[in-house]
Each structure stands twice: as C-alpha cells, then as structure tokens.
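Common to both upcoming complexes is chain A, partnered first by chain B, then by chain C.
Moving on, here comes the complex of A and B:
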C-alpha cells in the first residue's frame, strides 16, 4: 500500500458548541447523566425547506458533512463512508411506537424511508450528487472505526484519492432509558455527529496523518499491547468514562505495556454513544493541530509539555471488538 | 495489490431450502419458495413472502443454541449459512484466527425488539423486557454469528439496506487484495420483520400476488428472508490449503445513484455506473458477460431503471438476464450474497435460472430468461444489488479455469 492518508478537515456537532473548537479552552460541563446534542445553525448549509423535512440526526449529519467539505481541499469526494451504531433511531423508534399504538394500517412512509442506517450516507450523496463509493458501517462502538478503516484502506491502496467519512448517533430520551438497562458500562450519554475529509496528498492544509487504523476481534490484550511502543504511542486517548465495567479492559491492557504512557479521556466532555470514538479521533486531531492537551482530558500520567508527534486512540466495545487509530504530526501539516 | 480473489466456499439458507444443493434443486425444478406468511404475527397476511420454512425453535434445536440466539432469527439463519460456507471451504476454527468476517444486515435483531417493544414502551422501560432491546443493533447479530464460528482477526458489519451483503463482499475483496487478510467469510443475513414488512407496505410496493420482475404488469415486491456467505480467499492461501476453487470474484463496484432515498433515477445512473465499473475492473468487454442476475425486485420503478441502465451498456443486445426474486422473495440485506451463491451455482453447473412468473414484455424485444437454461456455457456473471438511498453495487463472478489443469 504505497499511498499515505491524511486528515484534511474535520467538523463536529455534539453536546459541546457545534462546529467550534471552543470546548478546547472552555468546555461545557454537564451535571446530568444524559444530554442531547446542541443543535447547529444550519443557515447557509441546508436549504430551509429541506431542513424542515429532516430529522435531527440528518440535519446534524449534513451540517458537519458540508462544513468539513467547505473547509477542505476537496469539492466532490471519491467516497462517502459513514459509521452509525443505531442509524436513524428517532424515526425507527417512532415507527415502532406507531405500530404498537395504532397497529399496522396507518403508518407513515417518511418514518420508514428515513429509518435505515444508510439514510445518512446516501442523503449526503443526494445533496452532493456524488455517484462515488458509498457505504455505511453499523457495528456497535466500532462503527466509526469500520468506516475510517474502509476509507483508509482504499486511500492507502490507491482505489480512491479522498473520502468524506463520518459517524452519527442520536440518543432519544426513551433510548437513554433503555441504554441504562442494556449498556450498564455507560456513564455520561450524549449524541455525536462528526465528519472528516481524508486525502492522499501531503498538503500544508492537512491537520495530521492517519498513520494506522486497526480493528481487532476478541484479541488477547498482549496482541494490542505488543503493537504499542513509547516512540509512537506516548499519548493514548482511551474510551474511559469512570465506570469500572467500561474502564477495566483499558486498565488490563495498560498492565501489559512496558512503558508508562500519558492517558487521556474525552467521554467526560463529549459523552458516550455508539459513535463516541469518532470524537476521540476529533480530539486527537485537535491535539496535534494545536500542539497542546487541555488539562480536563488528563486521565493518568503527566501531560506532555514538548512537541506532540503522535496520538494513539484505543477503543473497545463490550471488550469483544477493539480498535487502534494512530495519528501522526506531519512536518508539512498546518503550515 | 494482488489481483485475484477466489471463492472457495458457499453457504445458503432461504425460502428455497437449506444448503446449496437444495437451492440448486429448487431452481432447476422451478419451484418458488414464496407462500403465506407464518413465522411473524402481522395484520398483513395478504402479502405472500419467501420464508425459511424452519421455525426459530427448529433452528435452535438443530444448532443446539439457547438464549438469546433462540429469539434472533437473523443470527440463527446466519450461523447455518456461515457454517455451511466454512465446511464447503474446508476451513477450521484455526484458519479463522487470521480471517475476517464481514456481515451485511439492516434490521439485525429487530424481530426480537418488536416482540418486546410494546411492553418496554408501555412500562416506560420498567420491565425486564428492556434487556432484550440490546440485541436490536446490527453489530450484535454479526458478533453472535462470528462467535459461533470461532475467533476472527477482524469482524464488522455493513448496513446499506438491500445492498448490505454485496458491500460486505466488496470490503472482503479489498481486504484480500491489500493483503490485510488471506481469508474472508462475507455475506449477509436478514430475517423478515413486522418493521420492514410494514415499512415496504407504507411505500405501497408490495405485491399481493407472486412478484413478476421485468413483467409489464408487475406491481411490487414479495419480501423474503435468509442468509448466505461466501468464502473469499487469496491465491496464495487457496494454493497453500489445496482447496477447490469455485469461482473468481473478478470485478466489483459500489456506486451511488444520488437521486432519492427510495426511488431510482430515470436513466439508472447508479446501476449503470456499478455495472460499468465492475466490468472495467474485471478487464472484460460488456459482451463477455453471459448472464445478469438482476436486482429485479418487481417494483415498477426498479425494473424499469435497471433495464434502462442495462440498455445503456448493451443496447438491445442484452446478455441473458433474470431476477430470481420470484423464487426467494426479496431477501433485502441478504439478497446480495444469496444471489451471489445462485450465480456461483450457475457457473459451476452451466445452468441459468429462469425469471419465474414472467409473461408480458416491458419493451418490445426485451425478455428475461423464460425457461431454465441447462448446459449453457457461462463464463462471466454480473450480480446486481441495489439498496434504498441509491446504494448500488455490482459483483462479477467468473468461471475458474485452472491454468495448470
């Protein structure tokens, strides 16, 4: 795989200020255990008549996708690839509620049409009139990494030159109640929409290099630990959230390391959901771009004071599937 | 990048039966699997469907599995088909440790969810039933299937509605070409659910009679269910294991129609690009294609635009084509791999299945295969899968010719 893969632009809508880096200096801190995303201003990004017909998740998706593209060197991407654990949950839920309340004879087509997981990726394609590769991954907490991995693999091997990737999950109040039962590993729950543009060329406008993306199925923790070393994996962003059920596998993994890394958290700021790891990718990119680490991200170990050359993101879902993303500062980036 | 992606195993379960032999026999006999709905409770019994005949209890007994899999039809069918694919390729659980499992599904555990949803909703989640909603998402279905096979190196799930399985196959092929893995079990599984039966009904695209793809008088889809997987393997690995090569995945493409969430563009741009790019990747001429297993759902919209896309490539000199959905029903997320297995069986047996139920041409001089074609030499087949959102994918399966034999 001869090519390299770079992050060219990135945008987020979450419980922090939408489409903004303000969280880096002054994050919103929530006391509640569940907070919905801050709704973005869609003016200039989505035609108002179309915005009215879109569910919340679709509006957020289009907002981050168009913003990431506008801020990038790519006009029409070769590929649009999205990760989403639950897809368009709000519409699926409404459709299920309608079936259980009113039976099967007066259901609304729009709810179904905008309920599938791939509604998100294809809506972006429809807006951009983009006929390129279009795919959607839905695999629990590694849905985003699956989408990233597909794009990374295709860019590295020359099948595509660039890609618009993203991850989107919404959590309705009803789903949050369900998640409390079904996902006891969660701590603070929120919603995520993140879009990013990846390119194969080393441009001054790039943020960093996406050096490696790896997925694991039921790995031995030694297997992951063996691939980590101080030189490239000094700064680790972990999906820790303070809940022992969720955090134990990370702790077990760290025991296998032969060095002491600096570990960072992000779920205290952006919350948990199936797309949460997309915010780790975003946070990692911002750390490399700004060359500093906000203290509220500190988990264990002292914060780096010198040059930050690498950021490695480790994530697991139910400890059955794991992912590793290695971001690297590139000399030319950010010049 | 290495060029060759071999198919070394197949497994299938659908309304046509369990396993590749039963599937081939049903196709040869011209026996449709479509009938009255029986495994789900619905007010819409007027719509015929292509159900797998076994109940969840029967499949659970056969597989010797219990909670929670016994209530997850997608997983039950997935395990049956994936195990057949594994054994047909002679794979051991040791081989899986360096292999990928890529599964396509959309409704995942929705059948379990809809059984418990009313209780959960009515009680405001204050019921034990709430636990059952955990299995709704696609990834759980995939992992439960994977875990029943063994430990893989990589497991993930594609979810692009009716092209999910085709896109799982495409990721698997890219993994092999880039050397990320040597072996990938790829395909899809999807059980019928009240959720998508009703969803398709709100779009008014279900047929109350047996579906008639490419017929002038077609009025819609019969939904189906099932699972199918194929084993993709690198040349080096297939040689090392000395395994029988069933077919070559010589070309593939994923494109987007980028027109509408549930309708297709008039000139079938996405479908055209998918077929065209797949043919280019296979380094074939359109006239090397001997058969198209069309998406052919039987809706007025799909069949018209799919045919328009085909005619943009071949004009009136269309290759032989048929939709096998009047046999299996539209198995949605699984259709890409179910029809891939049908294409591979066609290549292995020089047999082309007919377009069951067809009577009247949509256009003059354009007809699908009316009678089963036996002893029909076939080298290259296109398999189309098109999903909502314009997620269009085409796969080309080619006959394996042993250069040394």
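Moving on, here comes the complex of A and C:
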C-alpha cells in the first residue's frame, strides 16, 4: 500500500462550542453527569425546507460534514463512511412509541425513513449528490475506528482519492437511563458528531498524516504494547474517564510499556458515548495542528514543551475490541 | 369551521415541523403543494397519517387525495363531512 492518507479538515459538534476550537483555551466544564450537545447554527449550511425534516443528530451531522468539506480541498468526496453506535436514537424512540400507541397502522413515514443507522451517511450523500461508496459501521464503541479503517485502507490501496468520514451518536434522556445500567463505567455522558476529510495528497493545508490504524479483537495486551514500542510516542490519548472499571484495561496496558508515555484524557471535556473516540481523533489532530496541549487534558506524565510529532489514540470497547490510531505531524505540508 | 381550520393549521405545523411558522402565516386558501407551503410527496403521506390518527378518516382512493389536499380549506371541508372522531 504505497499511498499515504492525510487528514485535510475536521469539524465537531459536541457539548463544547460547536464548529469551534474555543474549547482548546476555554472549555465548558460541566458538573452534571449527562449533558446534551450544543446545537450548531445551521443557517447557510442546511436549506430550511430540508432542515425541518431532520432530527437533531441529522442536523448536527450535516452541519459538521458540510463544514469539514467547505474547509477542505475536496468538494465532492469519493466515499462517505460514518460510524454510529446507536444511529438516529431520537427518531427510533418516537417510532417505537408510535408503534406501541397506534399498532402497525398510522406510522409516520419520516420517522420510519430516518430511524435507521445508515440514514446518516445516505442523507449526506443525497445532499451532496454523491454517488460514490457509501457505508455505515455500527460496532458499538468501535464504530468510528471501523469507518476510519475502511477509508484509510481504501485510500492507502488507491481505490479512492479521498473520503468524508465521521462518527455520530445522540444520547436522549431515555438512552442515558439505559446507559446508566448497561455502561456504569461511563462517568460523564454526552453526544458526538464529528466529520473529517481524508485525502491521499500531501497538501500544505493538511493537518496531519493518518499514519496507522489498527483494530484488535480480544488481543493480548503485549500485542498492543508492541505496536506502541516501535517508536516512543510523545503523546498517548486514552479513553480514560476516572472510573476504575473503564480505566483498568488502560492501566494494565501501560504496565507492558518499557517507557512512561505522556498520557492524555479527553472524555472529561467531550463526554462518553459510542462515538466518543472520534473526539479523541479530533483532539489529537488539534494538538498536532496547534502544537500545544491544554493542561486540562493531562492524565499522566509531564506535558511536552517541544515539538509534538506523534499522537497515538488508544480506545477499547468493553475491553474486547481495541483500536490504535497514530497521527503524525512530521510528514505533512508538502515535505 | 374556523376552529377546525385553526386546529388543522396547528396540527400541520406540528406534524411537518414548520418550526418558524405560526397559524397566522398560513393562508387557508393557498395551495399546499408546489407553490404556497411548498409541501412534497412525503408531506402528503404525513397528512394522510394525520387525518387517520386525529379524525379517523382513511383515504383509500388516491385520486381523491389531490382534491382534498389542495388547501387547508379543502381539508377542513372534507374533515367536517367525513370525520369519525
């Protein structure tokens, strides 16, 4: 796979200020355990007549997708690939409530059409009139990495030149109640919509190189540690959240390293949900772009004061599936 | 009839998510599709569901629909004559 894969632009909607980097200097800090996303201003990005039929997650998704494309060198992507753990949850809930109230008669067509997981990728394609490869991955907490891995492999192998990727999850109040039971390890729950444009060209406008993407199914921790040992990473972003159930696998993994990496957290700022790791990707890209690390992201080790060349993101879903994403600064900008 | 027209306007605003509109913004005699509110075929399905849920009216003849959904006034007229609840 001779081709290289670069991150050209990225945009987010979360519990921080939408479509903005302001969180980097002055993040919103929440006391609550569950916070919904800050809704973006869709004016100029979504036609009002189209917006009225979209649920919150669809508006957020289209907003980040259009913003990422507008900020990129790509106008029409070769592929649209997204990940989502739960899909359009709000519409699914309304649709199920309607079924219980009205039986299988009198069901609203819009809720039916927009309650599936692949609504998200397909809606972006409809708006962009993009007839290229379109796929949605729904693999719980590893959905984003699965979408990224697909795009990365296709770009590396020359099947596509660029891709619009993303991850989206909404957490309704009911879903939060369910998560309290199914995922007691979540300490701060919020929502995520992240879109990014990947390209195969080494452009000056690129943010960083997506150097490596790996997925591990039920791995031995040594196997992941070996992947890290190849070069001493200056920055390691982990999905830690302060809850011992969630954090133990990361602690166990670090014991296998023969050096002490600088480890960062991000869930204290962006919260947990099945697409949370997409925000780690976003945070890693912004750290490389700005060449600084906000102190509130520090988890263990001293903050680097020199150049930041590598950011590695490690995530696990229920300790069974792990992902490793390595972003590199050194190889970009037409060097 | 005026009450029914107002009720239908509010129900249509809610069902079709016409968030920026109020009942006063909708001309009851203006066309709903194409011009006027500019509704489309999916909205037509939503209106069929609305009539069935709220007024117990089942539309079985598609050609009938064109005339019924011409405007809010025409819907109100049909509902007042055919409603079952």
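One rule holds for everything that comes next: the second predicted complex is superposed on the first by the 326 of 335 C-alpha atoms of A that agree within 3 Å, B and C clash if a C-alpha of one lies under 4 Å from a C-alpha of the other, contacts with A are read in each partner's own complex, and residues count from 1 in each chain.
By our rule, a residue touches a chain if its C-beta (ideal position, glycine included) is under 8 Å from a C-beta of that chain, and two chains touch if they have at least 3 such contacts.
Treat the numbers as computed from the prediction; the structure is a model and nothing was measured.
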Since both structures carry chain A, what do chain B and chain C do when superposed there: clash or fit? fit
Let me test your reading of the model: by the given contact rule, A:216 touches which partner, first (chain B), second (chain C), both or neither? first
Is A:173 touching the first partner chain B, the second partner chain C, both, or neither of them? neither
Once both structures sit on chain A, report the angle chain B, chain A, chain C from C-alpha centres, rounded to the nearest 10 degrees. 70
For A:52 in the superposed arrangement: first (chain B), second (chain C), both or neither? second
Per-residue touch tally on chain A - higher for chain B or for chain C: B
Partner chain(s) touched by A:136 [first = chain B, second = chain C, both, neither]: first
Check whether A:150 is in contact with chain B, with chain C, with both or with neither, and answer first, second, both or neither. first
Name the contact category of A:126: first (chain B only), second (chain C only), both, or neither. first
Applying the document's definition of touch, where does A:108 land relative to chain B and chain C: first, second, both, or neither? both
In the superposition described above, what is the shortest C-alpha distance between chain B and chain C in Å? Please give a whole number. 9
Of all the chain A residues, which ones make contact with chain B and with chain C? 105, 107-109, 113
Of all residues in chain C, those that touch chain A in their complex: 15-20, 38, 42, 45-46, 49, 52-53
In the complex, the residues of chain A that touch chain C are 48-49, 52-53, 102, 105-110, 113
Can you list the chain B residues touching chain A in their complex? 1, 42-44, 101, 106, 108, 113-114, 117-118, 120-122, 124-125, 130-131, 133-134, 136-140, 142-143, 146-147, 151-161, 167, 171, 174-175, 177-178, 180, 194-196, 198-203, 254-262, 269-270, 273, 387-391
For chain A, which residues count as touching chain B in their complex? 1, 80, 84-87, 92, 95-97, 99-100, 103-105, 107-109, 111-119, 121-123, 125-126, 128-140, 142-143, 146, 149-150, 153-154, 156-159, 174, 177-178, 180-183, 215-218, 274, 317, 320-321
